[in-house]
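In what follows, subunit A forms one complex with subunit B and a second complex with subunit C.
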Partner chain A sequence: MLRLGENAYWAMGLVLLPAAAYVAVPEYFSVVILMYYYAALGSAWNILGGRTGQLSFGNSAFLAVGAYTSTLLFLDYHVSPWVGMWVGGALAAVTSLLLGLTSLRLKGPFFVMSSFAFVQVVQLLLAHFTNITNGNVGLVLPLTDSLADMESGNPLFYGYLIAGILLLAVSVNYAISKSKTGYFLSAIREDEDAAKALGVNTARYKALAFVTSAFLTALIGTFYAQYLLFITPTATASIPLSIQIAIIAIVGGRELWAPVLGGIMLEGFAFLVETLFPAIPGLNFAVYAVLLMAVIILSPSGVYKYVREHI
Partner chain B sequence: MLELESVDAYYGTLKVLDSITMKVDKGESVTILGPNGMGKTTLLRTIVGLMPARSGRIKYKGKDITQWPAHRRVREGISLVPEGRRVFPYLSVEKNLLVAAGTTSGGRREEDSLETVYSIFPDLKAKRKDLAGNLSGGQQQMLALGRSLIQSPSLLMLDEPSLGLAPIVVKSVYQAIRKIREGREELTLVVVEQNVRVALENASRGYVMQHGRVVAAGTSEELMNDSKLKERYLGV
Partner chain C sequence: MLGGVYGVMSVGLTLIFGVLRIPNFAHGEFLMLGMYVTYWFVVFTHLNPVFSIAVSAAVLFVLGYFFQSQLLSRVSRQGEVPQIFLTVALSIFLSNAAEILWGSNYRIVPVSYTSTTFHIGLVSVYAPNAIIFAFSLFLAGLLWFLLNKTHTGLAIQATAQDPEAAQLMGTDIKKVTAVSFALGAALAAVAGSLLAPLYPIFPTVGSYFILLMFTIVVLGGLGDVKGAFVGGTLISVVLSVSSIFVTEDLGFALVFIMFILILVLAPQGLFGKTVK
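Then we have the complex of A and B:
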């Protein structure tokens, strides 16, 4: 008999869910896509924020880098988003490396503040250079429904596109956790000074975590652009979104599947709240706040760990 | 082995190391004594590279390492057991050791080095899956020692290994240190201590620090018998 571990169950569940939802509740299919989208963002954030303990509220800036890079390459140079997404990832990696050279020297609240500032700067730059980015009006992608352009008339395509990116983000987390790099990152989180005294090149490993997280986030940015076919500076490089990403991973926890659970859970709650109380916009943020407080009080290491230990 | 030539170090504008000059030979065991806040910890941190020397030179195995980053010094065989042990509390005992092994192993088999550490500290083997934060103070000190030992250092520096431990535990910590030295005649030891008697019993030479300067140096016997010195700087 083949015995399946937890990883196999999660992976299978994530692969089956879109198809099941598409058949059973097609009118709510977009909820599954959003769940995966937030789960992927949380999983990418986890590499820097969870494993390495560098609390970043700047990840949405890399989402913007990915979304704008692939979109501009497509609109201006007819480069397929299938190629553009990797270019966006590379550009986000370079950006995060340059930023990290300075910002990762900051500790605690100072790093957090620098990450807020970064999002704001990226948003302002995107809004300012209107001749390239079309400013706050945003960019619209043409509706081609062609797979070559990373588009499709079938929503299942987007479900599996984001599922693929999500599984990639989880796989990278897994590979890190099993490697020497993973040990070093957790040593940095626990006691950066002691890690340094033991010979861990802390600057290098923090930069590695930052770059990996930024790269994965940018890939998700391309998905976002292709799914909505419309991007603006404020919808991508946004402080509220950055906070939401961090909350997903903090509520979930830093274990392999924890941010995935966090993303699915928070988007699930947001959907319920919006459906039950459509007249109160923004109520989902209040729900996030309550959830965050509940987690901090009841299970500071996240919902995932709580579920594993109690159920 | 280790040579410091007029090393100065600062916290901002505050001078904490004032023209430190000292020399430690291969295989020696040297202690650095002095009351709290006199720069002993800073001295070790400067040697391992956690704190920059603003002037002066640090030489190790004949090479000028003054500008080397900490991770390079550790790779070349300098290892520090920091003050207060500083184990990674939410990592298992074994992962604590593997972090330390990972920075120096260069592809050597980590299993073997783990077994070497476990043979000296059997307690750690029994608790290898436990979180380091759940160990007793003495066990944490053993883990901190094991973390350095797994790096196979040439120069092992211990910052207050007896701090906050019960007398009987202090005894077993020093027993472990002696055990580490057995069969490792090449190993050079620099120990910072406030516990003067224990420190001098376990070292061949000592330096006494006061306000960031070396105010006295000598063999353990000389320092032990210098009553004026003991009264003035060591308060015993």
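Then we have the complex of A and C:
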């Protein structure tokens, strides 16, 4: 099990990095924000995908729920995103509960496919109801630079906002791993039928993991909307994004800090390829895919574990 | 009319699921490669795109065989998760490799008969659709023959039913698995070649079809070859009928909601036998 020392190092590193990057390489500050953004998404995914072993390609749908809820509340009712983000989280939790009650009964590949379809349905609905969501044109948030509206001219604000959400996601993961629920979730991952036979209410615990994961993802959705001030159905409820979230956690692994490592690594890598070969569109993802295959074949339980065991 | 080709593209997916027990997320990209093979074939030879079917089937058969026997088989003992992610990685790789090689512009296969229609009684038929439909029927027959009348076909069916028993009976499981994957990939490529004269071709065209293919195979029952054709026809009817009442995007949303419901309520498909 993890020693407290390691947790403290990670937390300190995550808190110091934005400030250090802001001072040293301000022109690349957005890369740090993206790293944290993906790390947080991976960490939220890990609750259902890693701990419980229910592979979901549906998390970007909850990102969309969070982003659209807080944005629409702000635009139509002048509700601050600070409040809207929790409403979005609650709405995503309810959505995931409704979806989970039906689709979590499915096993393995069937659950994967249903979550895959769910993202597409959310995207199509967001694009269709143009009178509410403005369709594929997207929604633009006004530039107010006011902290009360969760906006700021200073990028450090966004760096620490996403760092806070990331640490929240990791803390929730930590709390679960230390609780009875966490052990039940691992039992479900290893052998669902056996867990059931031993009296674990598997449906209830799987739904709990799904709801928690969706809630955290929706909070990240509000961050996304406030950071870019522009959201569209295809940029939020998107299958490629959903897949990328899962890849982060698969490459990282399912340990506490593994998705964080995965998010930082993959975004750092994507940034490197883009900077080195800006003229070739598609190359970054092609290389990314090859790397992914290599990781899956050589170290199926993730880079984090590999690093811990070999270095 | 497109029901037949929906069937051809999905039957490969169902075949792969039947033997490997994983959904192949790279299936849309196999279809995309089939479309590009046809495009380049027509551009270079100026022949009818129908003749490119053999080429694209052969190319994708080799690619599929290589991918399964060299990569997928390495993680086949570790359950479905690594295998699913390998097909996901392959799908990302292929669509981006296509973008690097051929750019992201839409390409159209130049054929002479795209705008021809002829009439049977009161029904007017669009010529490319008729050719595609006839070919799909022919392929369905060919596939039936392959699976039921040849040794390899029977071995594929046996492996899908019970891999251990098949192995005990002397089936070379490794080879059969690779051949099934290769055959599935080739079928996707054939569907791509058939569709090429009708659809614009671009690197991410596969992602447009993949969810539709999942829906079709689940509707027909995963692993059920006949079901894939019935499901394909059904979905094409649902899509064209719903397009009368609602816009196209909402039609797709309805199909995918139907897909989730079928998964939950009748995972064995509409016609499948109940498993376990």
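Methods note: the second predicted complex is superposed on the first by the 307 of 311 C-alpha atoms of A that agree within 3 Å, B and C clash if a C-alpha of one lies under 4 Å from a C-alpha of the other, contacts with A are read in each partner's own complex, and residues count from 1 in each chain.
Quick note on the criterion: a contact is a pair of C-beta atoms (placed from the backbone, for glycine too) under 8 Å apart; a residue touches a chain by one contact, two chains touch by 3 or more.
What you see is a predicted model, and the numbers here were worked out from it, not measured in a lab.
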First, second, both or neither for A:F184, with subunit B first and subunit C second: first
Touched partner set for A:A289, first subunit B, second subunit C, both or neither: second
Partner chain in contact with A:D193 - subunit B first, subunit C second, else both or neither: first
First (subunit B), second (subunit C), both or neither touched by A:A127: second
Which of subunit B and subunit C A:V307 touches, first, second, both or neither: neither
Contacts of A:L168 with subunit B and subunit C, given as first, second, both or neither: neither
Partner chain in contact with A:T102 - subunit B first, subunit C second, else both or neither: second
First (subunit B), second (subunit C), both or neither touched by A:A207: neither
Between subunit B and subunit C, more extensive residue contact with subunit A: C
Touching both subunit B and subunit C, residues of subunit A: none
Contacting residues of subunit A [partner subunit B, same complex]: 180, 183-184, 186-187, 190-191, 193-201
Contact footprint of subunit A on subunit B as seen in their complex: 45, 48, 50, 69-71, 73-75, 79-80, 82, 86-91, 95, 98-100, 102-104, 147-148, 151
Complex contact set, residues of subunit A against subunit C: 53, 55, 102-103, 105-106, 108-110, 112-114, 116-118, 120-121, 124-125, 127-128, 239-240, 243, 246-247, 250, 280-283, 285-286, 288-290, 292-293, 296-297, 300
Complex contacts: residues of subunit C adjacent to subunit A: 17, 21-23, 71, 74-75, 78, 80-82, 84-86, 88-90, 92-93, 95-100, 104, 203, 207, 211, 214-215, 218, 247, 249-250, 252-253, 256-257, 259-260, 263-264, 267
